[in-house]
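What follows are several structures.
Each of the next two complexes has chain A plus one more chain, namely chain B in the first and chain C in the second.
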Partner chain A sequence: MPIFWLTFRQLIGAKRTMLLASAALLPVLLALVFRSGGDQEPAHWTAQTLLAQFVVGTMLPLAALVFGTAALGSEIDDGTAVYLLSKPIPRAAILLPKLAAAVLLTAGFVLVATIVSGAIAAWGSTDGAAVLVGFSVAVVTGAVVYCALFMLLSVMTTRAFIAGLIYVFIWEGVVTRLFTGTRIFSVRQYTLGVADGVASVGNDVFKSDLSAASAVLMMVLVGVGATLLAIRRLRRFEIGETA
Partner chain B sequence: MSEAPATSSIYDLGYRRYDGVRLGRRHAVAALYTHSLRTAFGLGRPATAKIVPIGLAVLTLLPALIALGVAAIASDVEIYSANGYYGYVEVILALFVAAMAPELVGRDQRQRTLTLYFSRSLLRVDYAVGKVAALTSAMLLLTLVPQALLFLGRAFAWNDFWGYTQDNWQDIPAIVGSGLLLSLTMSSLAIALACYTKRRAFATGGIIAYFVISTGVSAIVANTASGIVRKLSLLPSGFHLLRGFTLWMFDVTPTLDAQGNSNGPAGDLVVAGLDFYWYAVAAGVAIAGALYIIYRRYQTVAA
Partner chain C sequence: MTVDVRREPQAESPAAPGQYAIEVTNVSKWYGNVVAVNDITFALGPGVTGLLGPNGAGKSTLLHMMSGFLKPSSGSVRVLGASAWQHPDMYRSVGLVPEREAVYRFLSGWEFVLLSAKLQGLKDPEAAARRAIHEVDMESAQHRATGGYSKGMKQRVKVAAAIVHEPQVLVLDEPFNGADPRQRLHLMDMLREMAANGRTIVFSSHILEEVERLAERVLVVVAGRLAASGDFREIRRLMTDRPHTFTVRSSDNRRLASALVADPSVFGVELGDGRVTVRTSEFLAFAQAVARVARTADVSLFELLPTDESLESVFSYLVQR
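The block that comes next holds the complex of A and B.
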């Protein structure tokens, strides 16, 4: 538990948190623009454009990348990881609280942005509430998987941030659009699959490319797999090792 | 320092003054430029520093190579037009400047080598100019080499090399012009963001966040809002700006899908309805602003 709060304070005290907090206002701004002049069906716009495209497609991976790679990675960069790793604490008990702190902050930011902006944009439409619930559950599960993945990157390489960016914007952004079969390896698609499964709204409102069952299965596999690998890598982490 | 007397030879450490030719400021700028250009591709640095820049450079070639492979089999199929090429590689180009701009300007601040630079004949403004020029040149390689490959390859795949060149020569100024403006815009914006922090991760994240978030927000606003907001909505967006002036230089108007909706960044530009030359103007303003910010930073940065 002390490690959890330590990481929590490290992450929330930094300048980047303020920047992310202001980025969380952007979806709200978009929702206000939509209310003032958009002519599309509110629930459809909220699900497809605001939440799927912007919140899940951009904000969630960026927030997870910032917190997921910083939770352990910035300690390794600064050299303070030595003080944690040289103590007789199981490495799993170091990694898991750090992961939990990263997930909590990522999910917190994105969830607030989802609920506030979604409520503004979809106010008064019949499917609005279902969409909102679906995406709220989805962004939390998505945050867990993304953070686990980025934490694994941060114990594998000191350039975790750029590696994560390449994964998010080249792989999830470009490759999965060109080669649709690779969707099964995209956390964004898992998140959208969960959103569709929980919301269970008509296909004219929102339809994910991946079925909810395979999305959940892959989420569990990738999330647990990445966490276990990260723990394994941290167990073998040599103190003083920087690369 | 005057010649030490012979009696104190025990203190003579053999220090020698440099009495060769002093090459001066111009040579210093040229050396900084060459060194930075090499750094932009990880040359002269360990193999791990080469992976990201060389890998991204190869990725920008990939669509051109695919197009040539297709052209070799069926010469009349054109999968990418020259004006749409940056649309395929813009994310890679953004990642390149995001990865390499902090490498070029952050390292000197982190390891305090700026002091060494500024104690020589190099002026502060020279340093800024050298760095921006180096990153712009690196970007030119990443934009113009694939375009040249695409153009030449297509001309060779055509039955008549000179016939193809004659039919398409008017694309060449547009290719070079858009490549230049794109390289200068992305490089100066990236360095303007990167020169304010020592930390590589923050600079990289900031540059990518700018491109991705501004593009996402602008695309949504362009397709949602109306009136003047819609018209101006794409100007702050990095990728739309690049696409807008590229289309203007090639004098192409993209088409919308069957329902009259936008089908991507090019479609967004049509939906927004602002004349494309405004994007070139906006790029000019952005470059000027970025260069001024860089200039200010290097006038005041603690060396």
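The block that comes next holds the complex of A and C.
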């Protein structure tokens, strides 16, 4: 528990958190703009454009990237990691509370943005509630997998943030759109698959490229795999003269 | 010259495995083609040992290997009988003070030390944190955020966090950096007391005087090699009695040179550039003789300067021996 609170305070106190809090207002603004003059069916626009493209496609990976790479990576960078690594505790007991803090903050920001903006945009729509529930569950599960992946990057490279940006914008944003077969390696697609499975709305409202079953299976594989690899990497982590 | 600490009075007989708190055996560490530590062997028991060497000599690499943070490329590092690498349980009996100034800026000194006590799994972390903070004389500033601490205060709170569980072995990397003279003395007294209670304390420094004041034993590391190790007084004597070079300007350099060459403390004299260059192996004897010789030769001394007294040159001399 001390490591969870330490990480939570560390992450919440940083300037980046204020920036993310401001960014969480953007989908709300978009929803308000839509309500004032949008001509598409509300549930469809909410699912397809607001939540799938903006929240899941941009906000969720960016928030996870910020918190996931900083939860342990910032301590490795500034040298404070030594105070945790020099304690008689298993490396998993260092990494898991840090992952939990990163997930809590990522999911917290994105969930609030999802619920508030989604409620505004889909208000009065028949499928609105189902879409909101589906995406709420999806962003929480997506936050877990993204954070695990980015935390793994932070113990593997000192340029985890750059590597994460490349993954989000080049791999998920471009490559998986051009080559549909690569979508099985995209956390964004897993998240959308979960949203589709939980929401269970008609194809005219929202349809993901991955089935819910495949998405859940891949989420478990990638999330657990990344976490175990990160723990293993932390066990063998060397601190040189500059760390 | 190597005075192996295994032959110090506390360890007359050959070392049995696990007899020493820290055992470093044929340890090397390299990064690509760069050799940071080159085949170093020593063993340390209770007391204070100073790891002395110029910046970049490999002291921190050696300390990081003793702390279990770096895997030796070859050889073994054992602390309290077990391998230091990938052995977190070791930290129940080992405390570490890293060189880097970084602390959790948003935590107060109290929270920082308490965190350390909690992570050590102590039964009464609050009492342990209070005791450790008292030890380093930080009670008055303990509730301020460490981000606002001076460098010396950060050093002290780092030491408090490292000793909160009363470790058997304490490893400190340049612990006196940034500490003012009073804090330095206080910290030295505290470390001496810990050593007197049977603890093994190793600290690194590039300042000879710090090591001289605190360490009973010294390991001199130069360019990744163990240049000397053993009793500090023995190494200090070698450093003092090494060849020294002085330049002298006088009213009559030629007459002074011929007078000095007859003195037994001098083994070389060279004239040129309006000065006499004198080489001696006895620093104190020469310092005492030069004025007497000049007076006898009726020569006035204008300037007497030692040359190349840098710590690096002292270390280089020890390596060459």
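Simple rule for what comes next: the second predicted complex is superposed on the first by the 239 of 243 C-alpha atoms of A that agree within 3 Å, B and C clash if a C-alpha of one lies under 4 Å from a C-alpha of the other, contacts with A are read in each partner's own complex, and residues count from 1 in each chain.
Simple rule for what comes next: a contact is a pair of C-beta atoms (placed from the backbone, for glycine too) under 8 Å apart; a residue touches a chain by one contact, two chains touch by 3 or more.
Quick caveat, the model's predicted, so the values are computed rather than measured.
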Chain B and chain C placed together on chain A: clash or fit? fit
Check the residue A:L165 against both partner chains and state whether it touches chain B (first), chain C (second), both, or neither. first
Taking the superposition as given, does A:G173 touch the first partner, chain B, the second, chain C, both, or neither?
first
> Once the shared chain is lined up, is A:K87 touching chain B (first), chain C (second), both, or neither of them?
Replying inline: second
Partner touching more residues of chain A, chain B vs chain C, is chain B
Taking the CA centre of chain A as vertex, the centres of chain B and chain C subtend an angle, in steps of 10 degrees, of 80
Who does A:G202 touch here: chain B (first), chain C (second), both, or neither? neither
TODO: Could you say whether A:L6 touches chain B, chain C, both of them, or neither, answering first, second, both or neither?
DONE: second
Across the superposed arrangement, the tightest C-alpha approach of chain B to chain C, in Å, is 6
Chain B and chain C footprints on chain A meet at residues 243
The chain B residues in contact with chain A across the complex are 48, 52, 59, 91-92, 95, 98-99, 200-202, 204-205, 208-209, 212-213, 216-217, 220-221, 223-227, 229
Counting only contacts in the complex, chain A reaches chain C at residues 2-3, 6, 9-10, 13, 78-80, 82-91, 235-236, 238-241, 243
Note: in the complex, chain C contacts chain A through residues 31, 60-61, 64, 67-71, 86, 88-92, 94-96, 98, 100, 102-104, 106-107, 115-116, 118-121, 161
Touching chain B in the complex, chain A uses residues 16, 23, 26, 29-30, 33-34, 36-38, 40, 45, 49-50, 53-54, 57-58, 62, 65-66, 69-70, 77, 159, 161-162, 165-166, 169-170, 173-174, 243
